[in-house]
Every structure is written in C-alpha cells, then in structure tokens.
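Take a look at the structures below.
What follows is chain A paired twice: with chain B in the first complex and chain C in the second.
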Partner chain A sequence: MSARYDAVVVGGGHNGLVAAATLARAGRRVCVLERADRLGGMAAGGAFPDGTPMPRIAHLLYNLSPAVLNELGFGAGGPVETRALPTVCLDPEGRHVVVRDGSPVLADGRPHPEAEAYRRLAARLVRFGGLLARLADAPPPQVSERLADLAGMRRLGPLAALGWDFRKLGRGDRREFLRIVLSNAHDVILDELSDGPLAGSLAADAVRGAWAGPRAPGTVFSLMYRLARGGGAALPLGGMDAVIAALADRARSLGAALRTGAEVTEVRVEGDRACGVRLADGEEIAAGAVLVATAPGAAMRLAGPAHYDIEAVRRLRNMRAKGTAAKLNLRLDGLPEVPGLGPELLGGRLLLAPSVEQVERAFDPVKYGRVSEAPVIEAVIPSLTDPQAAPHGGHVLSAIVQYVPHAPEGGWTGAARDRLRDVALAALETALPGLSARVTAAETLTPSDIEAATGAPGGHWHHGELSLDQLLTVRPVNGMARYRFGPAGHYLCGAGAHPGGDVMGAPGRNAARVALADATAGEAAA
Partner chain B sequence: MNARDSFAGRAATPVPQGLIDGPFHQRLAALNHARAWYDWAGYAAPSVLDTVEFEYFALRNAASLFDISPMRKFRVAGPQAEAMLNRMVTRDVARLAPGRVAYVLWCDEEGMVIDDGTLFRFGPDDFRLCCQEPMFGWLEDAAWGFDCAVTDETDALAALALQGPTSHAILKAAGLDLGDLRPFAHREVAPGLAISRTGFTGDLGYEFWGAWDAALPLWDRLWEAGRAHGLRAVGYEAVNIARIEAGFLTAGVDFQPVHAAERLHRGRTPRELGLERLVDFGKGHFNGRRALLAAEKRGPRSRLLRLDVEGHKPAQGALIYHGRRREVGHVTSGTWSPTAKRNIALAEVRAPWGTTKSGDLWAEIYTCEEGVWERRMVRARPQRAAFYRPARARATPPADF
Partner chain C sequence: MSEHGRYDAIVAGAGHNGLTAACYLQKAGLRTLVVEKNDWIGGAAVSRSLTPGWTYSNCSYVCSLLRREIVRDLDLPRFGLQVIPYEGGGSFTRDGRHFGYYADPAQLRRELRRHSPRDADAYQRYSRTILRQCRFIRPFLLRPAPDPLSARPRDLGELAFLLKRAHGLGSRELGETIRFWTASIGDFLDEHFESDLVKAHLAGSGIIGTGLGVYSPGTAYVLLHHYMGDVDGAIGAWGFARGGMGAISNALAAAFEEAGGTIRTGAGVEEILVDDGKVTGLALSDGAEFRAPIVASNMDVKRTILRHTPRAALPEDYLRAVERFKIRGSSAKLNIALDGMPEFPAAPPGASFLRGDLHCSESLRELERAYDDWKRGRWSDEPYFDMLIPSQIDPTMAPPGKHMMTVFIQYAPYELEAEGLRAAGNWTPERRQAMAETVLDKIEVACPDIRRRIHHMEIRSPKELEDEVGLTEGNIFQGELTFDQLLFNRPVPGYARYDTPVKGLYIVGSSAHPGGGVMAAPGANAAREILHRIGRAGNMPDLAA
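Showing the complex of A and B:
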C-alpha cells in the first residue's frame, strides 16, 4: 500500500475536481485519479494535427453552479474569463434570428415579429428554471424519512424554500408551471410561437444530448433545467481546458493531489465500507472514502455487484443512457463569406434547427439506428471571440451534431464516420455556404467514440438520460439519490447523480459535502 | 384440420386447460378415492387421497409418500455460484459443504423475506435451490455480474418425499441402504437419482430427486418396498398438520412472500419470523443486509410465535388478544396435534406482546355446534421448541421400526 488519503476521487472531470477541491478546502487529504492522460473528461481539450487547440467534446458553459464558484473562491466571474455569446438561429432561407439576453431580432437588424411572445415565453421558462436551480445545490429532497429529529427537519429546508419560492410565483405562474412542467417542448413552444428557426432553437435546447424529440413528455423540464441559470451560453477564454485548468489549480492549491494516467480498476470494500482503490498496475491506495465521478453503472462495477442489493444493481444496469450527440471539430483556413452574418454573429452560438418540426423529424432515424440526414447542430467558432483559440491563424469550428446513434446498423466503420462528417458538413453548408471548402482538418467523434474517451455509457453527456424518471429523488436510481452509493464511504459524484449533467459542478460539490458530513459524524461517534 | 388448429401449416400445440398432471399423476389418480385435488403451482396435487386421519397416522407411525414435484427447482452453477448465492441468501453459503443441504432465506433490499427454501450443494461450483415461489427472474437478476448460470429445473426434475419412522426400513427394502446418511445430507445413489435426508414433517424422512420421465418406476420401487412397512400415499392436509407440529412455515400462509404482497408493510424480516438464527451479518454483504441492520436497531414489529392453545378446537384464523381485551395479532396456522395431543398454532403477534411481553395472551375462538355459535377466549401460551421433535429424526443410522 503506497499512500493513505482521507478520500480518493475516481475521475478527473470537472465534477471530480470540484469534489476534490471541496474536500481539500475542508482540510481533507484528497487524491484525484484520472484514467486518461489529461484531466477534464468531457471538458478536456484536444489539438488538431497542426497543434491548434480543439474543444474536443464540451465547448460552452451554461450552468456552472454559483455555489461551487462561491465556495471555491472564484467569485461571480467564474474560474476563467468568459464571453457571453448571442444565439444565432440559422435559417436556410437567410432570415437568421439573433437572440441576445432573451430578446430576438432579425439578423439584418429589423425587429422580429414574435419578439414579445418569445420574450414572455423565455422569461417564464427562466423563472421556472430558477425554481429547479434552487434544488440543484442540495441533495434531492427526501420526503419519506421520519421528521422526528432536527436533522430531518433541516434536510427538508430546500424543499420548504422551494415551496416558498413556488408560492411567490403568484397564482397565474403557479398554474402555468404545473400545467407545463411535465408536458412536451413542442406543444409549449408552438402554443406561443409560429414554427421556424426561433422556435426550433428552443426545441433544440430542450433536447440537446437527449434521447428524445421535442414532442417527448419531460422535454419542457429539460428546457427549464437548461435555462436554470438564465439560459445564457458563455465561451470561456482559453476554452473548456482553461476551466479545467483553473479548477485543477484550485484543487491543487488547496492541497489535493491530482494524478493522470491512473486507471482505477477496483474500489476496495472491507466490512461494508469502501477503504481504497486498486489501480490497473496493481498499486493500492487506501482511503477513508471513495468518491466516484464515473457513470453510476461503472461506479457499481468498480466496487462489484456483490456489494449492492440485487434491486439496486437491476436499476443501475437499466438506467437509460443512449447518447445521441456526436461532435464534429473542424480546422478552417478561413471563414466563408456568409451574407447577413458578420463576424460578430458568426462568433455566436450558431443553432441549426430550422423548425420544431424538423428537430422532431431529426430524432426519428436514430430510433432505428440511423443518422439524421438533416441533423440539428449547435456550432461555435471560438476563434472569432477568443484569440487563443487559433494562435496559428485560421479558425476553429466546434459542432454538436444531433441525432446520431450510439450503435448504428453496421457499426461505426471508417466509412460510417466519414458519412457522418459529410452529412453534418452538408447541413452546415445550407446555412454557411462555402464552409466545406475551408476545412483543412476534421475530427468526428461519434457517441461511441465519446464513450471510449470518457467512459460515459452510450456516450451520453449526462451519464444517463435527464428524463423525469431519472431525476431528483430517482437520480441515478430510486434509493440511491443522496450520493451515498452502496457500501459506507462510497459516493457517486458525477453527472449521473443529482442534479445531473452539463459543466455545472453541482454533483461533485454536493457529494463531497455529504461525504464530509458523514466523516464528521463518524469522527464524532468515534 | 381446420384453420383454428393450424398456423402457417404447422399443427398447433394444444394449450393445457386447467390443472396439469405431475410426474406421479397416474399413481396418485388411481389412489385418490377422495378425488380431492388442489392447485399447487398449476399442478393437480392431492389434498386428501383417502382420509386425513389415515394419512396423518401413516406419516407419523409408519411412512408416507408425498409428491413434491411442483416445488420450484433451480440449478445454480459456475465459478462464482457460491459468491452469487452468498450475496442473495442470509446464511453463509461458504460454510455449506458439498453433499450437504441448508435451509435458507432470502430477502429483498428492505430486508423483507422473499421466500425460504433448501439449498443443495453438489460441488464447489454447483448448487440447487428448491423453494415454493416462482423465482427464475429474481435469480437471473441476482446472478447478473457473477460468472454462473441459473437453470430452471422445475419441470425436468420429479421430486418425492418419503417421510415417517419406517422410511429408512423402506429404503433398505428398496435396495437403497443409506444408513450413514446424516440429516441435511444428500447423495446421488444412481445416475440421475439423488436422495436427501430432508423433509417438511420434522420426522425421519428422505426426499428423492430424479428425472421427470423416470418418476413412475421410482414410485413403484418404493411402493413395493413399503408394502410391509405401512407405506401410504398422502395428500397435503396430512402434511400440513405435520409441518405445523414441526413448526415449519408456509409461504403465503405464515408470512407473505414480499414479491407477492401488493400492500405496503406486509413483508416480514427473518427476526419477525423467528428465523434470525439463519442470518449471518458477519459474512459480508447480502441482499437486504443494510436494511436488516437498521431493522435490528429498531427492533422487530411483530413476531411469529408457537402457541399452545387451550381446548381442542383448532385456532386457525383466530385473533390473538392481550389481557383478553387488546387485539395484538392473529393465528396464521392452527391445528389439533394428534401426536402432541395439544391444540397448537403459529401466530403473528405485534411487538411488544409478541416479543418482550408475551404473557397473558388469549385466542378468540368461535365454535359452531349443530348450528349454535359460541365465542370462547382461551389461553394461548407461547413456547420455544417445536411441538413435535422426535429424536428418531436425527439418529444416524436411523433405527428400523
């Protein structure tokens, strides 16, 4: 046995780093073990063959938890400088729409005919999203426990606060919240807007990364979730890599040890308590607690199914996690001239979702193991905003392409990958004519590649579908919602835990706080 | 052949209607003068063949044959079969040697008993689990992640219980001398035929496990050997009296198997069934262990007691009172025990009356004599030991009677 820590964190993605920093800040000796050669997981960067940095998987910040920022001493500005990006809803007909701070205008500067309707709808969804954000910074409410003791009452605090916020919404909003919260994005959006790029962009935001079309129930909930912090997307200067570097630096300066290339193959359990980990090379690391940032099923397998109840294993292995988002990263030698889209708008968050109807149609093929022929795309050209994004000149385009199956008919052959790239490029070409001619290098990451790179099951961004049956008190699964994960001292701190995915940090922080509370209670009892 | 009987040119397999025949049905049907059949897991099983009294006294004073083929039988085999079973059942399977049988329980994640049964170990990696409830889906779930295979042998394996004091003598007469076979041991006596010294009567007895299509010759061999030893075929009613005397539980009667219970809080922990000795908290994790540890702290909600009830009217279904006034439980199984000459019952009694304050218990019994109903409050005294537990059941070698 080579070392002893108070806690080891398995997985050096943003949640692992936040968990480690939170523990280190409380004076605990912590070690983060990352399988890959670089930290970051889904947020880890890469590089094009010419050395230009590449936002490999994640490319924007939406939802970084204010509690995380505050506790880790980053202040409201966040770990790195960011630029708020306008959302540009691309229209193959050229009538592009630009949304800034929740207000749409046409790209040519004329007012958008449905601006007021959109503003009202978006503001309402952001307000409702705020209610959900209230739940994100604490373990999910648990209403089944006995209320006899003070601690039990205290745990109901967030729920009581939610109830208070809910009351404060006012009668009309309360009724509206309850009317739409379980319904589908298609109906809610098209009740207020006519179908087109603006409506389509909201629908695309509702289903990003999901195995669902906008007609699926629960997509309003996921839209609110995305809008929980106001809905603005921000481009971190220096890329997501810089966010990871800042989190890693903070964890290190608080005393955490960070190791890459350290693959954990087993969480060791003795006497129904996690007591350390074993690495692929046989090294054993002893620890008082083990926090695992992998997907829930993988975390269970690390300790071994023998340490879990049969029902828990059944639920974990049936957790739905079918990724539908692929990533296309393009190195460009220049930008095409796009009429009506100047550099300022091309530097925005480009959404190719011409209508709600087309987002729904794009979902259909993936159900049968085929790639959408007209995919929904969120693209960013960070080099227009951030000079560090393409230091050797030219530009970089990062695109999330949806819907793409994890396991297509015939498997992900080289030809299938090339076809996916061509389909995505052709789709981008409809709004950005001339783009293909500027591509000098391209990397295509299928959901299957994302799974191989990060371990996320199905390549799913959130380690498990963010659907109503896998949220809050049933995330990751019924009975395991409060971060404690089977044996004592074993915790789940990744996106599979409440509140879920996006580069948010809340699961890592909440899990670390539960682990700290348990450790403190254990020390008090000893 | 008309269209109803064929599909795409193939003859349709007739779907059996009603109860189906077990492997010994031909012999049982010929003996079933009472024509009393009941549904045991879809099979036609005899409740009484002749009269309960004849059958019961044959069981206790001579020997009885009872078809137990409708029991669910599952083979669990593979390098991690022991680990898989140890994670499922509450006892330590590692301590079960090949050639031995253990009475085991398994619980759900909340520590509520799913079912009980007997676990046979054939070798380091080879087991058979016999129980009352359908369990294949559960076993498949329990085996996930373990290198072992679960096979449902229910309809491939015939099983027959030979129980009673002359059962060993009958074995010898049948050319099967198993005098050295200890209680809870089993042995393969011929290819495809295993005998275990187990049973559901608390008496000397054996159970036979063999191929479904070799069932009738087995029956005939024992029947012939039993002629001079008072052997009778018996139905469930006689066996039921014997098992209450022995203090054995029946799933669905004395407790609600939690997977079959639809209402909340109908499940029971092993301690609540009086079976805490079958729970080994020290062996590592098993299903429901964390919940059971928490339940140990809270204490049992109720307890299944063995009651000696005053009078002779069976207390089946009676309510149990404390101090004649407060209702605290109910009888789950009650019978007159002809051998113990006592009126006996198993009863679920709420805490603390069933646990720490179990004195002053009364059973409310209704009697109807020629159309006149009366209600009687009679004493019900808890007792620890089984009502009937003869030493001959444990003697090795067993004596000839």
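Showing the complex of A and C:
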C-alpha cells in the first residue's frame, strides 16, 4: 500500500491533466495515472522513424477553454505560443479559396463572389457558438424535481446566464438561433451559399470526427460548437506535445504527482464509495475521490457495473461512439510545387471538401462499413510555420481523413490499411499534385488504431457522438450528466462528459470543481 | 360575365384542413366560401374511381391522426364517416421469412419470441416509451405552438402550459423525452432490438413522407407523428375510412354545407388580392373574383406566398423565410386494382396481419441505402413500401371477389436525375413505369403472383402529386417535419399563429403547426386563431379542453 491521495485521476490526457491541476490548485493531494508511456492521450505526439516529431492524432487548437487558461494561470496567450492559420479550401479545379478572420478571398487574390454572404453566415455562427460556449464552463443545466428549492434553482443557473446573453442578441438573431440551432448544416449553409469548396469546407468543419453527414439534423450545433471560440485554428509551436507538456508542468508545479505506465484496472469501491484504485501490477492507491478521464463505458467498467442501476448500465452501453476519422501522417523530403498555392497558403489549414454534396457523399459508405473513396481531409504542414516541427529538414504533413469506419467489412488487415493510405494520398494528390513522390515515411492510424492507442471507444475523439441526443443534460447519458458517476466519490472528467471533446479542457475542469465542492461539503458535515 | 361575390371568409383549397377551418368559421357565423381548383374536393384525402368498380384512396390511404375531438365536435359520423380499425401488419424477406406484427399482445409476443426472445422483452419497454411520448404530445396538437420569444399573454400562457407539462415529467423522464425527440429511429431501435427484420418493420413510420433516412436524427419524432393518433381511443391504432379517404373530406364538406357554407370547385386561386397590407379577396383562374376580409389558404406556405400573393405586399425577410422553407418530395404511390386476392405464400394461412400494412424491407441498412439513392436524385433500388389491401375489410372499395391495393413508396425524388440533370420534368411516363416495375419486383417477394393480378394500376410520382393535388414537390406533409420547421418555427419563425404579414391572410394547411397527416388540427387551430383575432373566439368550442 502506497501513499494516500485526496484524489486520483485516471488517464493523463489533457482533461485528466486539467482536472489534476484544478484539484492541486485547491490544495488537494492528487495523482494522475496514465496507462501509456507518455502523457497526452489524443494530444500525445509521436515520432517518425528518423526521429522527426509526429503530430500523432490531434494537430490544431481552436477550442481551449478560457476558464481553464485563466484558472491555471496561463493568461490569454494560452499554455504555448501559437500561430493562427488561414483556412485554405482546396478546389480540384484550382480555384482555391482562402479564409482569414472569417473573410474569404480567392487564392489568387481576387475577391470571392460570395464573400459577403459567407462573412454574414460565419459571423452569425460564431456569435451563436459564443452563446453556447456560455454553457461549457459549468455542469449542464438540469431541471430538478423540485424547482422551488434553492439547489434546484442553482442547477438552472447556466441556463439563466445563457438566457441573459440570448436577450442581448437582436430580435432577428434570436429567431434565427432558435430556428437553426437544431438544424442541419447542409440546409443552413446552402441557404446562403452556392455549393463549392467554401460551402464544403464549412460543412466539413460541422462533421469533423462525427458519424454524420451534413444533412443530419444536429450538425449546425456541432458547427457552432467548433466555432465557439471565434472559428480560428491555431498551430501550437512545438506541436500538441508542447501543450501537454505545459499542462503537465503546471499540474506538477501545483503539487500533483504524474505517473505514466500505470494502468488502472479497477476503481475500488467500499460502502458505495470510491476509495482508490488498483493497478495492473497489483499496487493499490487509496484516495478520497477518483476522477476518470476515460470514456464513460470504460469508467463504469472500472468501478464495476454492480455499482450502477440497470438503467444506467443500459444507457451507457447504448451510448453511440463510432469514430469515422483516421489519421495519415506523412514525412516529406520536400514540398511539391503547387500552382496557385505559395508556401504561405500551403502552411494554412488545408481543407479538401469540394462541396457540401460531396461531404455528404463521403459519409455514405461508412454507414455500411466501407472507406470513402473520395474522403474529406483536413491537412496541415506544421513544418512550414514551426521550425521545431521538422528539425532535421524536409517537411511533415498531418491529415485527418474522413470518413473511415471503425470496423470495416473484412476488418483492418494490412491491405485495408494500405488501401486507406492510398485513397487518402490520391485525394490529396488531386489538390497537391506531386505530393506522393515526396513521401519518405507514412503512418496510417485507423479509428481502430486510435481506440487501441487511447482507449476512446470506436476511436471517437469525443468519446461519444456529439449529437443532440447525447449533449448537455443527457451527456454522457440521461441521469449522469453532472460528472458524478455512480458510486459517491467517482467522477467522469473526460470528453464523454459535458460539454464534450476537442482539446478544450472544460470537462476536466468542471468535474474537478464538482469533486471539490463535494469534498468541501463532506468536510463541513464531518 | 365573370362571377363576383362577397363573403366574410374564403378558404382556398378544399383539403381536409381547409374544410375543417371552413366548418368552424361558418359555424361561428361567418359566411364562408371554399374554392377548389379540382372538379372534386378533398385535396390529398380523396376517393377516386379511375377504373369502373374500384375506388382508390389515391393519395393518403389510412386514418388515425384525425383528431377525435374534431370528429366528435363536427359530428362527422352523422355525415357518413366510419373508421374501421385494421389489425397489425407484416414484413416479408427474400428468403421466405416473415414477421407478423399482430394486434393481439399475446400473439405478438409469441411472434417476437420466434425472432428473438430478447426482443420480445424489449418490446414491452419500447411500446411503453412510445405510448408515454404519445401521451405527452397529444395535448399540444389542438393548441397553438408555444413561442418562447413572444411576450404576448396568450403566448406566455402556451409556454407556461408546456413548462408545466415538461416539469411534470420529472427530470429523468424529461431527459428521456429530450433524447427521444432528438434521436434517429435507427439508433432508437438499435438500442432496443436485435432482430433486423423486427427493426425494419418498426422503422418505416420514422421516414414516411420525409427527406430523412432511418439514421437521421429527428426521425424518432417522425415515428411519433405517425403514432400519436388513435382509432376510437386506441392510441397508435390505424384504420380505414369506409369508402376511402374521401369519406373524411365528404363528411367535412357535408357538415360545412349543412351549416350553410358554399363550396365552389373547378377553378383555383390565380391571385390573392391585397390592398394596403390587407387581404381583400381572391381572383380565380376562371376569371371569377370573390371579396372577403379573411382568406384562409389550405395550400402550402410556399405556394400561397410565392405563387399567389403579390411580392410587393410582403416584407423581404418574410419572403426569404418562405423561400427557404423546406418542402421535399420523397414519396410516390401505386394504386392497384386487383382481379383477385394475391397470394402470400410465406404467411401462415388466414393470417390476420395481412389485413394490415405490409412491407418487404429486411434491415435498417437496406432502408438507409434507399435514402442514399434518393439523395442522389434517384428512386430507391430497394424501396421501402407501405402496402395495404383495404378491400379485405371495406368491401365498398372493389367489386365482389376483387381487391384494391395501395402502395406508398419511399423514396422517390421530385427532381429526378437523368443524363446528369435533376429535374421534375425527367418524370416521363417511361421512367414512371420503370419505377413501378422496381416496386413490383419487390412486391413479388411477398406475393409472387402480383403482376398477374393487376387489372389496372395508377402510378404517381411526386410530380403527379404536385400537379394534381397542388402539394409542392408532392410532399405529403406540406413541409419537412424537422426541428427547424416544427412548433414555433412552423411555417415561419414569428408567424406560427397561422398568420402572415398580410392582414387577414392565414395559412391553415399542414404547413402550419402541428404539421402533416390527415389530422385536421392545423385547420381547427387556425380557425380558432382567426376567430380570436376578430373577437369571436367565444363562437368556437374549446377542443383542447
């Protein structure tokens, strides 16, 4: 039996680290246990065979919670220095579009014919996204059985804050918000723009990581979710690894212990109260609270289904998490000459989504367990912006490839994996001719590989589909939305909890605050 | 010399909602005229005889949603309306299996156990949830939609009603309700059942009439929209109107005429006349003009506003909102006169479920694929269909020994793709026939002798539904039933109380809350709203009470 902690955090991804730092900052003794040999989970980096750093899964920042930054003392600049990237909507015909600060122009500098319509639409979505972001920094609103009591009223607090902001919108905006918030991206985009790379890119942002096409109701919500912090995307200098390192340093400096290679096999429960964890090597660590950053299903299994009522077990088992995003990481010995795309644009966030219609069409095969033949891709070449990205020269390209099934017909054989790489390369080749010839090493990560590496069910980067029936009050599932997870002292602090995934940190922070409030209340009672 | 006249109110379109609104206006003391473009009344609730001896319900074909409060209040049975419940339904597979959705609970349980013992247990939970959701929603149907953005006392009252009902559910049940309203029917069924055939059988109601697939969020609500009716108080039950769906329209028309109203057929609306922001009457296609301070349009909102109302009379943002209102054609129909009862070799002899709705879809995957075809502008290779032979129960539909079959088909696009172009004009007779052959091939899965039994067949693509009935794109709901077009957003945000920016012009068809189906709720709700605005609300009974 080793030391006793006030809290242990299971999982050293960004949410686990944020939770630990939040607890440590409040003076709690806390220990993070990460199964893998390095911290970071989805944001952990890797390396190509020649030692060049590889942005393994996540590659950009766009949604970090300001509350997290503020409370952990990072300031508005964030944990690491970043560079804002323009979005480049690639067009197989060569009429690429560049979006900077919500304003599109053609890549050759000419004005975009739909610039004004796009600006209006994007600004509105950002405005609405900001409204939704109000809900991210607190547990989701909940209607109490007894509205009259004070605790019940407090649970409606975030809704009241939202209502206040909502009132500040103009009347037209208010009507429009209520019309489109549950709507589908296909209609909302094509009501304002003609179909093409610009519209397609917006649609691609609405469905990135999702098991949904832009025609699915609810995709406007996910688009707003993504645009909640203004809609820009930033490349962290030093990669996502640097973000993780900064979070880890902060947690450590606040007093948290961080252990890697420590696989938790069980959350120990006594008298319906979580009291510690057991590791794979048999070590037991006692703790007053256990915060679990894994996916909800795994968190339940760690504590044991016996500690959940049968409805909760059923709901957790039914939570949908079918990842559709694969990763292709390329080591390049140089860059192809792409007419119309200079190094500055090539260094942007490259989106291959030629039209809304084609994004929808790319989704269809995945429903039947097949890889899309014309995938939607978000690619970045960090080495054009960040000298640390390829210290030995050459370049690195990181691509999120959609849609790719988690469990394809026939399974992920070596041949299927090679085929995925070839399909993705061929798609990139349509906009970046000559790219394939520059590849010296490639790593393909299927959703199934991502699941193996991070434990995310289905390889889904939100730990569970971010769809309307799994959001807010019913995330991860109905009745368990406020981070308390089964036995007393057991909390869910990962992306499966409200408000959801992306490198945001809000679930970790919110869960830690609930745990702290419970601990304080417990101490006061004792 | 063209005809002129002056009325207190004119209803444009003699569909079931128009006639319902007309009944209530007339009974409240307004001299009311109904005008109809076709030579017959009924809109999409009609009985037509297209081959001697047979009657087709050639658009809508089954009855359940018609609000019983309205049936009772207007005393429609006295005017000949008789709804005969039918029992259950069934699905057939290519390899000769079947699933009988028996109405008798014990028999259904045995049948479910035959497919999966686990599903038999899950069905209890499933049907409880559906029934609970139906109970939750039904009280809202005969009230205006609560509008969270309005501060008018009447709207606040509706909002308070909603909040009270929602709070009454308790937090757990409210969570389940939120999930149900936002889920896809595919996911909802996957959570409950394991048998593909059982799931496919139950999923159909989630997609009928919509431009959504079984895995599109919001389709669980569409299922509810088909289940929230009743026959004689049996919630979720379906029935046939004796003599075809036209019996509903005919009963409404008879009630209207008995109250003193006038129906004029054979000429549709040319223009809605507007003067100084107020409606003044209608000009008809045959040159006739009628004056009235109130015009209630049973046409869908796009047709009413974009085709027949002077643009100058409407604010730009309202026109924009109507333009982007989504009305998507997604269904087609076959109406078949059979010279004998087709054989269903896979069904047990004398199976009662053959008198219900029959399908040949085997899995949710197959249904989703059918939707993918539609998205590309093609009719489904493996279409979903909802097939019934009402003449087994209602002998008035066909000569003795003969039968009438109605086949509702999902999906068929309005703008058909051909030679790289999508256009409604691509629905040539040859292509219509080709679609029918695709459907008949699939019907042969259930009844191999179907082709030999056909005495006469009417094929209706979305284009015919539009041309004949006047439904934009042939959409049976006069507008998609998606979140952005339901409740206070239907048909136009800020105009959910059946009104328009033109004073005296109202939308009373299925484009308005609570939406489509032969329900008559939009018509009745609209009449109440109109009467309220002219200070005569007391002249109409409170149906919601």
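Here, the second predicted complex is superposed on the first by the 516 of 526 C-alpha atoms of A that agree within 3 Å, B and C clash if a C-alpha of one lies under 4 Å from a C-alpha of the other, contacts with A are read in each partner's own complex, and residues count from 1 in each chain.
Throughout what follows, a contact is a pair of C-beta atoms (placed from the backbone, for glycine too) under 8 Å apart; a residue touches a chain by one contact, two chains touch by 3 or more.
Fair warning: this is a prediction, and the values are worked out from it, not measured in the lab.
**Q** Regarding the shared-chain residue A:Thr473, is it in contact with chain B (first), chain C (second), both, or neither?
**A** The answer is second: A:Thr473 touches chain C but not chain B.
**Q** State whether A:Ala216 touches chain B only (first), chain C only (second), both chains, or neither.
**A** Second partner only.
**Q** Once the structures are superposed on A, label A:Gln388 by its partner contacts, choosing first (chain B), second (chain C), both or neither.
**A** neither
**Q** Applying the document's definition of touch, where does A:Arg179 land relative to chain B and chain C: first, second, both, or neither?
**A** A:Arg179: touches chain C, not chain B.
**Q** Is A:Glu360 touching the first partner chain B, the second partner chain C, both, or neither of them?
**A** Touch status of A:Glu360: second partner only.
**Q** Would you check which partner chain A:Asn70 touches, where first means chain B only, second means chain C only, and both and neither mean what they say?
**A** Neither: A:Asn70 stays clear of chain B and chain C.
**Q** Of the two partners chain B and chain C, indicate the one touching more residues belonging to chain A.
**A** The larger set of chain A residues in touch belongs to C.
**Q** Touching A:Ser194, do we find chain B (first), chain C (second), both, or neither?
**A** After superposition on chain A, A:Ser194 lies in contact with neither partner.
**Q** Would you sort A:Asp309 into first (chain B), second (chain C), both or neither based on which partner it touches?
**A** In the superposition, A:Asp309 contacts chain B only.
**Q** Same chain A residues contacting chain B and chain C, which ones?
**A** 479
**Q** Under the stated contact criterion, what part of chain C meets chain A in this complex?
**A** Listed in rising order, the residues are 148-149, 166-167, 170-172, 174-176, 178-179, 182-183, 187, 190-191, 212, 215-218, 317, 324, 326, 365, 368-369, 372, 375-376, 482-484, 488-489, 493-494.
**Q** Provide the residue numbers of chain A that touch chain B in the complex, in ascending order.
**A** For this pair, the touching residues of chain A are 269, 272, 301, 304-314, 317, 479, 487.
**Q** Show me the residue ranges of chain B that touch chain A in the complex, using the header's touch definition.
**A** 83, 86-88, 108-109, 138, 141-142, 144-146, 284-285, 287-290
**Q** Which residues of chain A touch chain C once you look at their complex with the stated criterion?
**A** Against chain C, chain A makes touches at 142-145, 147, 171-172, 174-176, 178-180, 182-184, 187, 191, 212, 215-218, 318, 320, 360-361, 364, 367-368, 467-469, 473-474, 478-479, 481.
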